[in-house]
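Okay, here's the structure, questions in a sec.
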Amino acid sequence: MNTPDLSVEIAGIKLRNPVMTASGTFGYGAEFARYMDLESIGAIITKGLSIRPKAGNATPRIVETPGGMLNAIGLQNVGIDAFIADKVPFLRTISTPVIVNVYGNTLDEYGELAGRLDRIPEVAGLEVNISCPNVKQGGIVFGTDPAAAYEVVKMVRDATIKPVIVKLSPNVTDVVTMAHSCADAGADALSLINTLTGMAIDLAKRKPVLANITGGLSGPAIKPVALRMVWQVARAVKLPIIGIGGIMSATDALEFMLAGATAIQVGTANFLDPTAAQTIARDMERYLAEQGIADVKELIGALRS
Amino acid sequence: MNFKATVITNVEVSPGYFRLRLTAPQFFVTAASPGQFVMVRVSASIDPLLRRPFGIFDVGVMATEYPDVQQPFLDILYKVVGKGTAMLAGFHHGDQMEVLGPLGKGFGTGEPSEGKVLVGGGVGLAPLYYLARELVKESRVHLFAGGRGRDDVLCITEFERLGVETYVSTDDGTLGERGLVTEVLERYLANGTGAKTIYACGPFPMLKAVAEIAGRTGIPCQVSLEAYMACGVGACLGCVVKGRDHSEATPDYRCVCKDGPVFDHTELSWEQRL
Amino acid sequence: MNTPDLSVEIAGIKLRNPVMTASGTFGYGAEFARYMDLESIGAIITKGLSIRPKAGNATPRIVETPGGMLNAIGLQNVGIDAFIADKVPFLRTISTPVIVNVYGNTLDEYGELAGRLDRIPEVAGLEVNISCPNVKQGGIVFGTDPAAAYEVVKMVRDATIKPVIVKLSPNVTDVVTMAHSCADAGADALSLINTLTGMAIDLAKRKPVLANITGGLSGPAIKPVALRMVWQVARAVKLPIIGIGGIMSATDALEFMLAGATAIQVGTANFLDPTAAQTIARDMERYLAEQGIADVKELIGALRS
Amino acid sequence: MNFKATVITNVEVSPGYFRLRLTAPQFFVTAASPGQFVMVRVSASIDPLLRRPFGIFDVGVMATEYPDVQQPFLDILYKVVGKGTAMLAGFHHGDQMEVLGPLGKGFGTGEPSEGKVLVGGGVGLAPLYYLARELVKESRVHLFAGGRGRDDVLCITEFERLGVETYVSTDDGTLGERGLVTEVLERYLANGTGAKTIYACGPFPMLKAVAEIAGRTGIPCQVSLEAYMACGVGACLGCVVKGRDHSEATPDYRCVCKDGPVFDHTELSWEQRL
């Protein structure tokens, strides 16, 4: 049989396959270049970017938990100037679309980031992080209040003609309302989920393990929550969805597509295995070939009930 | 590179400490340099989820039962401290695991023929053996090895077999001198002569004391740090330590996995919770 | 040294140790009588009880997930008449306090349940389940809306003089607001967390695994989220707290106590090991003895930062 | 009871099927009856999290290398279908695991000396061996064993060694007759004479067909069901099946773990998704 078609399109960005790498788990792409073929995946999402360089949180910043991990990196990043000067030149050398995850402390910062990235041809689109749970100032409020989310997305929307993907927080009562707000404000696509807020304690020291006390839970442990939210949002909102959360294998990835995702992101799995994203893309292709499915798009939202 | 390694041997060299020999591709053996480390996937299941970092204790090529076949190998020396290392201790000849490496920036071996001073605390000795093996080719090497008790001072005969001069101390006096390894080091340096470089690996307070000595005496000094790691390749920013010039306004965080694990002692801020 | 004191008091209920069994994971107590000593633990919480018998959901009702499990039992239970007739006689034979987890479809049902149980001397207290995510009608709304939660708790409070524990849902943006509402309405204690809503998909069948589509996630996977919520609520609300979520060992239990819990519940762990609750209580005692801690109450909220 | 069992042997009896012999306390062997099951903790880690249910294939007491010592044992026969059973297949002599049981309600052996008819589909044969061993003491026993292909029809010689008369069929005709086990059964019953009881274990569609035959012919019939299980002791209500009189208004759910796994075919509603 013919090789199956794995290509999908998210908000006008053409992907050779639905596998993206999740922000914060894949650096700026270059870190993984020697372990895998960056041309084998659909897109790369870079580490959350802010206007000014950010120090991030004190250490310890990560800790393993049952079936998952907590991180409280605190959005350490090089800032937009260094990003453009030092990171973009490498990104120019690969053909895989690069989507930049952005984060602002204020509405204006979101606008400024979007405006400046709008002028960088190497940037295929923006993923707006309104959901990072680690930064006290701002982040979590935008991500949990539908009106505030609307404002942020509107601001970004007005500042760029590039595709705007909004990344949703799972730490909400009603993710569908958040999704509607973002859609109303002009988002082209939604990605979900970001991490669940959690905590770990060191009994012997009687202290939180993380210097930041709380952190974001990622990894296989959160997959059922992510799958549920993707399914809920996909049924309620017309936008294409990128499924994220605990994806370790092609099976996981395809489950998210059945739930309604057009593409998926691989996060924590990159740490377990630096070739994870490439392997997942390859195994998806194999599965489709074995099952005689000509086009991966047939699976999007194809869940029976 | 990421490769599937097969256990050759996994021997308890001292109570709670194991030396694990794994098959490695020739490419790994050629590429590895002293002070670099590997990330080992202890289980194919999700428990434990993350890989565990271990220094490279040794690499080489060994004879096999077939006269014409040589087997490249990688050794690590590890202490059982938690779930992952406990599981590692259960591995037998023939079992397999995934290994990523060689990772990070190892020791700079500096000018040849100077006096080289190695300082190791407990399992911090692990990356110093491979280093010593390289250094003895051109320099006189002195090893200061410390630990809680006699069981925590490892592989001293192996070092001696390389021609390294060893100085052992333990907190409880059950082997060598009673006291801190840094006290012995300091006495030695006070008497010693000639240009030297210090290479140290061990618990953070020990490294801090060594750095302080180095700073005071002006002796060049490289330290190998540990940190909680997720990716091992500089992507997650989980393993950072503060660089010398770090401040909130001008952040200067270094990745232990990528910028280290070996740092010049002057590169780091020594005020940090680790 | 002397044996450490493990006793605690929750809402006037004296417990020989802080280990309770979580509702829905320990039947009505009798199911475990042959595997462990029911007198070795602090309290038993029985399966969610409603006025009328409830059939529960279709099967499959459970599925394993990474480090956890989803359940959509749908509150199958015998109803209050059969509870009083068939279950209470056994409960009379043990001295361990029994707390009844109650669930209503309407405000009035909550009131009626509380009123009838008020007259049963074998019932040491009520745990009000406002958070079960599996029953479409009612449950989830009471558990995610502070005003509705207030109404339910007030209704129960007015119908009984027995201690009222309110069990909180983690599927909310702000668990502290929910906790305040319950406290204001007269709750004597709070227990948290109930399960996180999740989903599992069978790729081969292209169907949700659970007949109910979504279910509640429990087990070690959710522990970081539970620990974070207990910590948040303990700092904000004066009521005693019962920590629940992924507790598998005495270490886990003591971490919840450091975070601010006065007692804890063991849920999914009972399935892995029917002696889990007893073992955890025993290991807590051993730990205290080893550490020279005379009284477990010293650990409540003793987290340093 | 919950006990720690040690692997005596773990043998692949047919491709993908293993027979596992575990040490058991004498109490277990005395208490167990045919049709009951055990919950096995495949891993001490959280992956897989839940125990796995397996029917009791056999129990007994075996000789050891010491002339005076007898070892009580428990056998299970399992098929590798997923993560848990794949891990089980990796267990070796001496490895340990936790076992809970004997659980549930087994087969009623009924009046002696009637003709007993056993029907097993694939690994559904597992609980029938121990049953046959008991039944042959007082009755003539006929076994109808079906499977996809020859590799899926297990331990037939063991049954024959007990004196059981066996009738084998496979879907693909690679062993015995080609066709469904229920077709062979039905032909046999049409010819047969005398009072009988049917005991069946296998996939739900097979059990449903057997129940239909039993209902039609009026032969008493017991079926052993499978269901997803968490606790195995009647506490979680995860494993329920609909009883005969089930309706939304008057729920009649039975726990496979506690009220079963063996049910009289008339007790159940045969309209269910399993």
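Chains: A, B, C and D, in written order; residue numbering restarts at 1 for each.
Basically, a contact is a pair of C-beta atoms (placed from the backbone, for glycine too) under 8 Å apart; a residue touches a chain by one contact, two chains touch by 3 or more.
The chain lineup, named per UniProt: A, C = Dihydroorotate dehydrogenase; B, D = Dihydroorotate dehydrogenase B (NAD(+)), electron transfer subunit.
None of the values given here were measured: they were computed from a predicted structure.
Novice: Touching both chain A (Dihydroorotate dehydrogenase) and chain B, which chains are there?
Specialist: C, D
Novice: Using Cα averages as centroids, what's the distance between chain A (Dihydroorotate dehydrogenase) and chain D in whole Å?
Specialist: It comes to 47 Å between the two C-alpha centres.
Novice: In angstrom, rounded to a whole number, how far apart do the mean CA points of chain C (Dihydroorotate dehydrogenase) and chain D lie?
Specialist: 36
Novice: For chain A (Dihydroorotate dehydrogenase) versus chain C (Dihydroorotate dehydrogenase), what separation do you get between their C-alpha means, in angstrom?
Specialist: 34
Novice: Going through chain A (Dihydroorotate dehydrogenase) residue by residue, note those that touch at least 2 other chains and give them in order.
Specialist: 66-68, 219-220
Novice: Hey, what residues on chain B touch two or more of the other chains?
Specialist: 46-47
Novice: What kind of graph do the touching chains make: line, ring, star, complete, other?
Specialist: Shape = complete; every chain linked to every other.
Novice: Given the complex with chain D, which residues does chain A (Dihydroorotate dehydrogenase) contribute to the contact?
Specialist: The touching residues are 66-67.
Novice: Taking the complex as given, what residues does chain B use to touch chain D?
Specialist: Against chain D, the touching part of chain B is residues 43, 45-47.
Novice: Which positions of chain C (Dihydroorotate dehydrogenase) touch chain D when the two form their complex?
Specialist: Residues in contact with chain D: 24-27, 31-32, 34-35, 47, 53-56, 58-64, 66-69, 71, 73, 76, 211, 219-220, 248, 268, 270-275.
Novice: In the complex of these two chains, what residues of chain B are touching chain A (Dihydroorotate dehydrogenase)?
Specialist: Going by the criterion above, the answer is residues 1-2, 41, 46-51, 98, 100, 227-241, 246, 248, 251, 253, 258, 272-274.
Novice: Across the complex, what residues on chain C (Dihydroorotate dehydrogenase) touch chain A (Dihydroorotate dehydrogenase)?
Specialist: 65-68, 70, 144, 171-174, 196-201, 203, 205-208, 213-215, 217, 219-225, 227-228, 231, 246, 251, 254-255, 258-259, 302-305
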